[in-house]
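In the two complexes that follow, subunit A is the common piece, with subunit B as its partner first and subunit C second.
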Partner chain A sequence: MTLKRVFSQRWLLWLVSLAALAAAYTFVSSRLERPDLVPPAEDLAGALATLLGSGVQLSGADHAEHEHHHHSSEQVETLLQEGVTLQGALAVSIGRVLFGLAVGVPLGIFLGLWMGWSRRADDYLHPLYVLARSVPPLSFITYVMLWLGHGEAHRLIPVVYAVATTMVIPAYHGVRDVAGKYVVAAQSLGAGGTLLFGRVVLPAAGPALLTGFRYAIAIAWMTTVGAEMLMAENGMGNLLVGGGLWSSRLESRSDPAVIIVGIVALALAGWAMDAVARAAGGRLLRWVR
Partner chain B sequence: MLEISSIDTYRGRAQILRQLSLSVGEKEAVCLVGRNGAGKTTTIDSIIGLLPLRSGKITFRGQTISGLPPYRRARLGIGYAPEDSGLFPDLTVAENFEICRWLAESSGRGGQESEERVRAIFPEVSQFTHRRGLYLSGGQKKMVAIARAMMLSPFILLLDEPFEGLAPVVVTRLIEAVRKIKEMKISLLIAESNLANASRVADRLYAIDRGEIIYHGDPRKVTENKEVMNTIRG
Partner chain C sequence: MMAIRIRRAAFALLAVFLLYGAAAQLLRDRLPDRVWLGAHYVENVKLLPTWRALAEEGAYLIQSDLLLQSAAVSARRVLLGLALGSVVGLFFGLFSGWVARFEYLADPWVTLFRFTPALALLPLYVIWFGFGETSKVLLIATNVAVVTLLGAHQGVRSVPRVYLEAAASLGASRSLAFRRVVLPLAFPAIFASLRIAVGLAWVTIVVAELIDARMPSLGYLLALSGAYPRVPTMLIALATVGALVLGCDALALALHARATSWMRRAP
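Up next, the complex of A and B:
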């Protein structure tokens, strides 16, 4: 009964499912005996501690002891040498995701609303949009590099592109599917132009935009981490592939503990962002009951 | 007040209205009676500007309005309650009225006085102002739609099938409301498929069939014209 008071039931179920996942992992890792694929939980904890940068010294004297208490591997060594920490990598990736959302979402919404609202714009832009949408965002990386060199642009542009193309469809349908009769009703009450658009069509498209935004967050993460895995010396993608350049990666063996810690961190970051989006959306769209 | 002169209107490729003319005078209630598909709604859509005219013209209080977009016509004082009521289902009745208040600010129509007049016509609406549009009964929806249109103090009110699908007692209630609106010196154009209902409110009557006016005159005398009666009864 007290438990019920402390946790609402949904929280309890949530914790139970997490505990079950952890237990299943421990069970599999102990039974499988393949630490190169499913490292034991202590390894994960060690990798997490090391990547968080808690008391790591790489100086030779206490290296042996260090090995004992802390997780170490080729991938971890490379990362530590490059000064990579989990929180640092996460911050860089979150920054890229947020940039992609900040630029891509307004851009996509603008295009979608325009195409949804104006028949003429739709006639001209829709075929181009369908072509553009079919291009995987990461395929732009090398071409952007030709234009802008090796820098931040070729990581950010694919993210912006991916987010914008994702947002076009919900904005487009949000406007299109606002039942014509509501537009008629508003018009027949004398609402035209900006009043009609801003106070009837846009709010009515709100739920579709929120759903689209939640997809866009996921797409932004996919593209960011993908771009970082290919061409970046920082961020979560870089952490997952273990730093260094592609050529060296073929020779070094990946550390499963680092990868799993990285994936879990990505999952948590994505979950947190989605929760924020839902909460903010709920406030903005509180008239949708 | 409202003058429609020989208009042709199409829906897509199909011609619906053929050289249709009708007029509504000041303080006059006019009914447009016809079967389903005769062109009643198309006539109303042409007046409020939802459908473009191929030919002919529409004037309202001496001004040609055929080229104006719907919202400009509404702001001139043409009120409209659509057949499906056109309420915003996610909004409460009070919020549906709120829309008129924004519009009153920008167009200068309506305001406090007209809100009170509306309350006098439909006192029962105040009992469900906090209910969402979605959860209203058919009769309540029609009342709210008419009340909403009245909020902007129109010179003329266009009602598309206001009595359709309602129980007789509710029809009587609405007819009473329409009579009160008439007493406020507001012109009315009512599209109606039921001749009996139309005769209870109309000063003048037009019968429409296949997009053409087939009868025009006193609603009490239409029953004498067998041919017209057979047509509008289907």
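Up next, the complex of A and C:
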């Protein structure tokens, strides 16, 4: 009975809304009749098919034959020429996001725990941290490029920086606000050093760290895509702006079908990563309830 | 206690200031001044400009009105986007927190926007609304709306059911309970999301301006100094962005402290 009610309420409304989203889109695109602004659904499907399958170069005859099935535009042509596929671009971006998380999260947690743990470190480091946090990570990408040259490093450094500055906050507050009581109790029972840190402080800061981590994933995606839009010759950001290298990219006619397909793919990837983090975090933090 | 903290903060800031100055002086002639810029080499680049060079450049940028003009243009976009986005986001967030049916209905849409990286919408907005003000302000507004929507929703949801039941049993109507119980209790969460949104708005605008660098703006200044490249200008533009973000955050915190002065504080 309850199950039925939940189903009828939640999932029905969810599906209705999704259908309404699709219907509204189809209506607008057919009413507006401007495929250069709001491409019809078949254009989106065509762009998706082309982007998924463009690893195989079509020969001239094949190309003409496929013309009416496959969606074609200047941006698609450029991407095809560069051999860009949706799954390939997504894999590159996911790699950058994961790298940023793998380096940035431990760095941020370390800094946050240190500042939360030691009054002295907090007094010295916090003002510097606040200053560093205020500078948007993508705005110094050119400066990093001057130092390190045009390579992978200057795309990854902003991502690592963004993730690290994000993770400092939950680690800091986790230790400061949550762990305080337990730390005093554990210390009075004689715990210290590694035991105190591994068994009291880290678990107590866990929920805050999980929330911060999920936020850090979103930040990492945003920074990665931004860095790729600015200066990368691969990845999802590059796919969105239509290939080529960064100067005068938006001059060429962009294809909304490709962009919409890219945005939906990014949203799905971000959602999937968040779901994984939530599930893994829920398992790790089972004891909290 | 406070005096020690201030002294230590001052010491840390001074130490960084002096260390940078010393490093810039020491490395002035040792750092390579030929830099590979993607397609070609650029000569005569000072990677670490001295404080003196920075001060001269800063004076020039202020005198020529370039810096203030850029900051004003960027700040205007941020404020417009913030105002527009937070009104929409707070309205829908409060509504979806209060009316469960609407939450389920809005869920797919919110999910789509929530997991779309903020900057990915820029190419689409450029197609729809052209280059210039509209696409940038709307980009900020979209991101701000998503963040504040989630904050307001969470805030309304975190109100304990007991409070609502108590209000109802005392005869409060639903609208009265909403105004006098839900809104004040949701305020901290709403405010926290607004504070995040302010930071996000600045990040978004600077990068949007970098990608589409046309008008005088902070992103344009960064792009311009990156194209030559002219490191002192770049560093001053970076510092200006940082100072503006810091200022906005401090302002937001001060407003929050004022608005919630009725609450009991943790020691």
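Some observations on this one:
Criterion: the second predicted complex is superposed on the first by the 254 of 289 C-alpha atoms of A that agree within 3 Å, B and C clash if a C-alpha of one lies under 4 Å from a C-alpha of the other, contacts with A are read in each partner's own complex, and residues count from 1 in each chain.
We adopt the following convention: a residue touches a chain if its C-beta (ideal position, glycine included) is under 8 Å from a C-beta of that chain, and two chains touch if they have at least 3 such contacts.
Please read these numbers as outputs of a predicted model, since none were measured by experiment.
In this overlay on subunit A, subunit B fits alongside subunit C without clashing. In the superposition on chain A, A:186 makes contact with subunit B only, not with subunit C.
Contact comparison for subunit A: of subunit B and subunit C, C touches the greater number of residues. Contacts of A:136 after superposition on the shared chain: subunit C is touched, whereas subunit B is not. Contacts of A:126 after superposition on the shared chain: subunit C is touched, whereas subunit B is not. After overlaying the two complexes on the shared chain, residue contacts for A:199 are found with subunit B alone; subunit C is out of touch.
Of the two partner chains, neither subunit B nor subunit C is touched by A:83. Of the two partner chains placed by the overlay, only subunit C lies in contact with A:264; subunit B stays clear of it. The minimum CA-CA separation between subunit B and subunit C in the overlaid arrangement is 9 Å, rounded to the whole angstrom.
Looking at the complex, you find that subunit B touches subunit A at residues 48, 50, 69-72, 74-75, 78-80, 82, 84, 86-88, 90-91, 95, 99-100, 102-103, 106-107, 109, 132, 148-149, 152. Interface of subunit A with subunit C (complex): residues 9-10, 13-14, 16-18, 21, 36-37, 120, 123-128, 130-131, 134-140, 142-143, 145-147, 149-150, 177, 218, 221-222, 224-226, 229-231, 236-237, 240-242, 245, 249-250, 254, 256, 259-260, 262-264, 266-271, 274.
The touching residues of subunit A, when paired with subunit B in their complex, are 181-182, 184-193, 195-196, 199-200, 287-289.
Looking at the complex, you find that subunit C touches subunit A at residues 4-5, 8-9, 11-13, 16, 35-38, 45, 47, 100-101, 104-109, 111-124, 126-128, 131, 202-203, 206-207, 210-212, 219, 222-223, 225-226, 229, 231, 234-235, 237-239, 241-243, 245-246, 249, 266.
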